[in-house]
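Presented below are the structures under discussion, each in the form of structure tokens.
Same chain, two partners: chain A is paired with chain B first, then with chain C.
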Partner chain A sequence: MRRGLGLSLIIAAGLAGGSRAPAAAQEPRLAGRLPDPVRVQVDALLDSARAAGLPTEPLVDRALEGASKRADGVRIVTAVRRLAGELGAARDALGLESSPAEVTAGASALRAGARAGDLHRLRVLRARQSVTVAAAVLADLVAVGVPPDTAAAAVIALARSADDATYLAFRRNVERDVALGASPVAALGVRLTATGGATAEYPGPRKP
Partner chain B sequence: MLDAGVSSVHFDGFLTSGSAYLAPAFRFNSPSFTLAAQGSYIMFESGNTVLQGTGAGAWLTPAVGPLRGEIAALGGVSRYADAPTAGYALARARTHLLGRTVGAWIGGSYGRAYAAAVSYRVGELSAGAWAARRRLGAAVAVTWSSAADSAYLDLTGTVRWTPWVIQVDALLGVRTWSQGGGEGTYGQVDARIPIDRRVALLVSAGRTPSDYVRGMLASKYVTVGMRLIPFPGPVRPAAALTDVLRREARPPDVSPAATAPLLAIATGDGEMRTLRIRAPGAQTIEIAADFTDWQPLPLLRTGGDTWEITLRVPAGTYRLDVRADGGPWLAPRGTRLERDEFGGEVGILVVW
Partner chain C sequence: MRDGDRVVDRVVEMLKEPVRIDPVLDRRVMAELAQVPAPRRTTGIVALTGWLVRKRTIAVSPLGGLAAAAGIALAVLAGRAWVFPTAHHEPALTTTAAVSPGADTRAIQFVVLAPRASSVTLVGDFNDWDETATPMSRAVGNGLWSVTVPLAPGRYRYSFLVDGNRWEPDPEAPRALGDDFGRPNSVVTVGGS
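Coming up: the complex of A and B.
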């Protein structure tokens, strides 16, 4: 919690001073892609994120995406700042040793509706395995209509036993069932049982 | 009016649960205009709730011989617990052939439905006929529904029987053909038993199909409740007839599906991956993604409807869009669709 607040303050300070003190290191990939005033603000955000130990590659990508889609500067800076906050929250939940790919996937899961506590539980259960695919599958399940808490319970139920291929097959099967008309929750329950994940973490169907 | 009561309900994928509901409703009928709105608040044993709201307005054109046109707009929104909000909006046009005791209609509707950040087209073509005689009314309808690339055909029959002051409505439906929408039979029976002018007992039971437009799962239910009518008005036969016709206007079941090009990814040497996109009818395909620095790159046609490109894509989570023939950038199927922060959509792809 303290880390998240600190990150916010660093980013806010970077934004406030960005237009007056363009001392931030310039990201070469942004050259020629963003108007100078926007680039200065994005560089300041990148500096702040770098200082906080966050991966900056996703932030650069987000700025380039905005530029590619001809978004105005305010939208681009807002999007980069929001992502920086999500990366910070994901890193706090997953721990300092998490890889950039894990933090990025965690941020995506948080945006989809997962809770920081879910990511932390996933990290604890997969201490020696990557959580990148698991977090991405969590977000994918929410996207097909599974309530976030149910999706999180299912992904956590598989955390100890499933490898990445199992997670992806599980997600693919749920998505296929839903496309054929099954309700997302029913598809999840059936596939989770078939995958061997109906443990105490996910006790099967529940009351609505 | 206000409905309140208790239910035992079994939603697809859940255990059977008790629930209590409160449903205020408003309706205005005139010879050429109908406006209706209803809200409902349902609380389950678990403490989770469903909050829903629906509305509809319809205008009937002046009669041309036995024919009358109808222009209508329908919409609704629902939210279960902390699940994403779902909703729909439809515009409908129909032509009615109106006789004294028999009639028929044909028409169609078009609109959009959404669930969370996913939005998709929905449409419907329907035709039906009705007959009314003294205390009995009946209607049959055939409805072809489509949502994105799913489509299905429903046959429904409804009967309204009004012995003495009691009103009984029954519906039997069968989904006879389906492409991605499920098949099967369903049915409902509702009874309204007036206690006095302002209070009625409601009893209903049945099985409903999944209704993705309203964000509701398939269910089996038994309900007992009361209806309070604070402002009872005269019974209008025309309104009762509209009710019979309205029964067939149930919004179509849909399953969200995309129409964008389909993406598949194949592992290459090391971090090199081949992205393969299938896009029937397209002449050119481009991709822009995190791993292209969001610079559009053209794909090479490898035959038929398939395009390919091989790029360095290390394991990770990426955002990408594709476009066909210089059109809008879209999230391809095979990725998770999200609304981006720039007014468009983006696909999320995990590479491992």
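Coming up: the complex of A and C.
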């Protein structure tokens, strides 16, 4: 629904603009939440993202998060711009056909330290399945202390066989083991073996 | 062969001889067995009750006794931690559970323990980071706050806003990496397959 609204705004802006250079479409949810100068800059970033075929919802969310947390305008614009770059890199790695949810999760994985090549490999191995949860789990594993390359290798090792539920259970188990005192890498290795993912895809922790 | 060995051999030979039993003994034993009443069939509850009340002698090593005492103490403490609010004002315990209300969305329950809070709201990507959109309800008698939100498959960042002025991440959920605004968030991932 939000995407439909965004598309409508683009069309409306185009119609209203006529032969003039089209002004940036205004995201209605930003009204009243951001100071006007900040809102103008964020709207411009949203326009650029839209033109590049990137999902704009995460960008709006990031701006609104900044507004809720009373961040200053510069910080909000910087955060939105940074996220737009990550979304672009994720989309390039995952392909033009990737869904907005996949691109968003891919951007999270990149921020966590995964490489674009990891996302591309994930896409290739899961050509007919969503990579949303796989990429999200990659980021979550890094958050509990697994080195990014090791987390990426594990997630890729599960890519052919695991469904979303398996990925989520795998992540939960690793988190639980780490919370109980296991080292993140050891927990990951044990749980990966138990999940049936310890194949040639995961020869062990990767060296950076 | 020594004398001791010969004695042993004689004892062995004696032990090998068949034991002679009074032939009347067999008949007397069988007659007494016939007078013993057959055991009654008991129901499962009766049998269970009997098993429960039957006295037993249990042998426990000192180490085992200490371990059992420690286990009981741990269970009591864990029960207290769950039943009684902690003294912390900060959220101390959170669980997130998912059920399936529909094909495309999952109902995700967010729970946080904040005994001294007067209000807690759930704020995140799913509600435009609106501080008033998703207030959490406090369970009567304890400090558990909860709310259930339908979410489509995807990855969402969120935080709890306690008393309208303090942002707290979910201690039981993965932390979002690379916070942009100096206040850490948590993430929830909703699967689709």
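We take it that the second predicted complex is superposed on the first by the 181 of 208 C-alpha atoms of A that agree within 3 Å, B and C clash if a C-alpha of one lies under 4 Å from a C-alpha of the other, contacts with A are read in each partner's own complex, and residues count from 1 in each chain.
The rule we apply is simple: contacts are C-beta pairs under 8 Å (C-beta built on N, C-alpha and C of every residue); 3 or more make two chains touch, one makes a residue touch a chain.
Computed from a predicted structure; not experimentally measured.
Under the clash rule set out above, the superposition-derived model of chain A with chain B and chain C contains a clash between the two partners.
In the superposition on chain A, no contact is made by A:L87 with either chain B or chain C. Of the two partner chains, chain B is the only one touched by A:D149; chain C is not. In the overlay built on the shared chain, the residue A:L59 is in contact with neither chain B nor chain C. Applying the stated contact rule after C-alpha superposition, one finds that A:V42 touches neither chain B nor chain C. Contacts of A:D164 after superposition: both chain B and chain C are touched.
In the overlay built on the shared chain, the residue A:Q129 is in contact with chain C alone; chain B does not reach it. Contact comparison for chain A: of chain B and chain C, B touches the greater number of residues. After overlaying the two complexes on the shared chain, residue contacts for A:S108 are found with chain B and with chain C alike. The interface of chain A with chain B overlaps its interface with chain C at residues 29, 58, 61-62, 64-69, 71, 75, 78-79, 82, 101, 104-105, 108, 111, 132-133, 136-137, 139-140, 142-144, 164, 168. For chain A in complex with chain C, the touching residues are 29, 58, 60-62, 64-69, 71, 75, 78-79, 82-83, 101, 104-105, 108, 111-112, 129-130, 132-133, 135-137, 139-140, 142-144, 163-165, 167-168, 171, 175.
On the side of chain C, the complex with chain A involves touching residues 123, 125, 128-131, 152-155, 157, 167, 174-178, 180-183, 185, 187, 189, 191-193.
Residues 9, 11-17, 19, 44-46, 48, 80-84, 115-118, 178, 180-182, 210, 217-218, 255-257, 288, 290, 293-296, 315-317, 319, 329, 336-338, 340-344, 346, 348, 350, 352 of chain B are the ones touching chain A in the complex.
The touching residues of chain A, counted against chain B in their complex, run 29, 58, 61-62, 64-69, 71, 75-76, 78-79, 82, 100-101, 104-105, 108, 111, 113, 132-133, 136-137, 139-140, 142-145, 147-149, 164, 168, 178-189, 205-208.
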